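A short write-up of the structure that comes next.
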């Protein structure tokens, strides 16, 4: 739909007087129609965050000139900023292992047009989902991750990601711990779904840990991957009530429902440029 | 705390280009420090809504001059608007009947300083809570509502409310249906907690209705009172899971937990000027 | 897995003394190993409900003899009862229209072995999902439902259902109102997902109704279909928080997440014989 | 209400065949009317748990004889067991510090008859709530806990608890870490509300920890106190959604709502003998 094409401006900068005034003056002077706007001032960090969606056709110029004009304001206020184009869907590379519920869910949302992204490839260390993925006309790459050659495998994945011009890598229950190199190479670009309510139950077998501890709610957490295991900035979380009748296998089974929902939600926030990062935390303009 | 005294600006107007720019220019030109800001454009109604909290001491003038200066912008954009002062707590008159859980909860929040309001009076058609209320040094008015003289009773309540210079009337499980006259007299000023997930189970005995229908979640709804029973603009709602083991008496008992939480939340939104009205709906800037 | 094959006994009867004793004596005398057991006495209806899972191999006889022996007790206490075999998965016929999210979700659960059922067919009034369904090696039947020949179409569906020996018919956002005849023919066998928190917003376009009313939570309800529209016994419900920024299209989009989860949960309860009916309500032994 | 006085039988024992049969035979042979019954077999621990509520007047004997008769079965199956009398409310001693929201909430529930317990005393290391508590006609004991004489203080508290014949000690945001001695002395009798979703954020200032980690949900946990800090068996938990706009002070404020609800719920389960302990986990028969 060209007619509701939007430019999405997102920025953060040291907090101060006049930021909103300067940005909105630029947009208003050019008769820009703001569809959605949010800002947030972090009192403690003294930092300001902003996101605006502007109707592309309401502006008298294209995205390049918008960027050029905005650069002056950005410099003045020392902004980290980006302007993206809703007509250019993000390119999402999905990594999957042997659990298919998140993959199925993402494909379903993509197929129905609910999740507006391009999926240039699914990469897996197993062959299990080749047929399903290829039925969706999406290329499937089998990249085994042998225990003694993990770095080589991750190098292959990084190469694929670059070649496919991926914007974001989604670990859809990938079950492999990425190397420090790959984490550092794509900061804020790798999204993981961890099957616990972080920071509880970091690492392997969180449902087993949850069962042992006897918690009454289980959770799932969508977060950016950093080199510190399951410790990256959290995008979204959710929980589900359980009770004493539920064995570990039940937790694994029920947990899937929140894993896929939370991952899809977190990914949507990301590809719609709703997530701004500050140190190890996220500002999510829903 | 004078040092974080804030002016709270809230407005709505026909949507258009330049509103944010105009408002933020006024604030920025006077070096006003915006603590919190939210806006919303209703695409369908083509109406724009905005709320800002500005640090009082950051501005070079007092609230009256702020209002005066703002009036020009307000006229230009045909705004419905108000500027309030966080140092002037809203005056909340509580009406209660024989169920005390919401009253207790509001008093607890008020006493601990969590709910920043003045409570000039509690009014009831019964004597049950006189002692509790008076222990809190709050005047208690017993206004019976005899079946054949309801209008007279409501007239007394309205008179009390006016005399006490009430800003908002809270029906904390008051159990009486207010007259059309009183509803019309205080639009957007009377808040009720209805013990169902509206629009399900309007009117009397909603938990009994819920039990009969066999729902699996019960709810509570905080809304503005209008002359149409339980049909006013909804401020907040919440639900609670139940199951077949719960009899009507259990629903009544468990429901209290969401009633008091939802009422307290809705009231807080209201007294912090976070709720804007548009027709029969609310914009809640949390 | 034969070794955890279970017989599932479910029953209801007028409440009285000695029911549990009689049933558990039969099981215990035959050294039956009870895996799971739940009962419930409805005080108001004075009716008793029970469900037991017994390890098949722990009993010295097969299901037919179990039924035979149980019949004596059943008669004594005037029970409505059934004994089913976990090794005989229920046969689920899915009906779908043009919204595929529930279908995708059910197929994903079935494919991964999470949902243990047979799916002898998917029936649709459109061709949209033929390829997806057939990729799963499930037959797809296109049964158009022309406005003026609905009864004929439903007759075809009923015939298909019977021929395929279906146990349960799932309306996975089927969007057609079944005829009274078909509802009466399969009482307690047709499961629907309605995209609202019933009894709010019965009938067409519930998200539009929800948007108009300005509710702060939207919901989904899984229920048995009866001739009264959206008024059958509720199996499960859930809700999702929304706010003023969400347009109707957002409600439609977000709502899908609870629709598919609630339908899958309700269907699982049903196929595991966890749902007992009493008048217009359900007892769900989770 | 004598006419619905109930005997509450709760037990656990090694799992095996015939337990339910034996127990229900005893009850049925004496024409006992079972109001509510639940059991659970922990497959992993091979242990069986059971709870029954039996109408007192339906049995031909009093509680002492019931206990006597039950002892035979109990011995046969090596049961840990208890039979309690609903007409004998549990004696709950509340410990509080300077945060009053949980205290207020418990007093409100007790006063309205929703929480059926006796409260022989409130104990505090401060004088803040003396007047409120005494207004409720409940004795208030001020037991200071000086840093260098904590053990002496806890000794006083234990002495008071014994003298008052307390059944359960409730730490209603008591903010003091009990000594190992007192924890060991009252196993399964001390209930705490911790203001985080355990096992996340053990120890001091959990909301500050939550803020630092950037979680998207905060929680509260009601658990039995053991010598290991915040590591005892969990009775109930709940969470609340937050976002980037919430400062630590907001988390503290919002968190109170779940703290008081979860504590009240956990306490109710306990005083109704709904909680059975097994190692470090609870079985909660709701």
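We just call them A, B, C and D in the order they show up, numbering each chain from 1.
One rule holds for everything that comes next: a contact is a pair of C-beta atoms (placed from the backbone, for glycine too) under 8 Å apart; a residue touches a chain by one contact, two chains touch by 3 or more.
Here's who's who by UniProt: A, B, C, D = Formyltetrahydrofolate deformylase.
If you're wondering where the values come from, they're calculated on a predicted model, not measured in any experiment.
K.L.:
Can you give the rotation angle that fits chain A onto its twin chain D by Cα atoms, in degrees and rounded to the nearest 5?
P.N.:
180
K.L.:
Can you name the chain that lies farthest from chain C, using the mean of each chain's Cα atoms as its centre?
P.N.:
Of all chains, B has its centre farthest from that of chain C.
K.L.:
Of the pairs A-D, C-D or B-C, which one shares over half of its contact pairs with A-B?
P.N.:
Duplicate interface of A-B: C-D.
K.L.:
Hey, how far is the Cα centre of chain B from the one of chain C, in Å?
P.N.:
The computed centroid separation for chain B versus chain C comes out at 41 Å.
K.L.:
Can you compute the centre-to-centre distance for chain B and chain D, using the mean CA position of each chain? Integer Å is fine.
P.N.:
35
K.L.:
Touching two or more other chains, which residues of chain C qualify?
P.N.:
In chain C, residues 36, 43, 245, 286 touch at least two other chains, as defined above.
K.L.:
Which residues, counting only chain B, touch chain A once they are in their complex?
P.N.:
Against chain A, chain B makes touches at 17-18, 20-22, 24-25, 27-29, 31-39, 41, 43, 58, 241.
K.L.:
What part of chain D is in contact with chain B in the complex they form?
P.N.:
36, 99-101, 104-105, 107-109, 111-112, 114, 131-132, 135, 245, 253, 256-257, 261, 264, 286
K.L.:
Spell out the residues on chain C that touch chain B in their complex, using ranges where they run on.
P.N.:
Residue positions touching the partner: 40, 42-44, 49, 197-201, 213-217, 219, 233-239, 243-245, 247, 280-284, 286.
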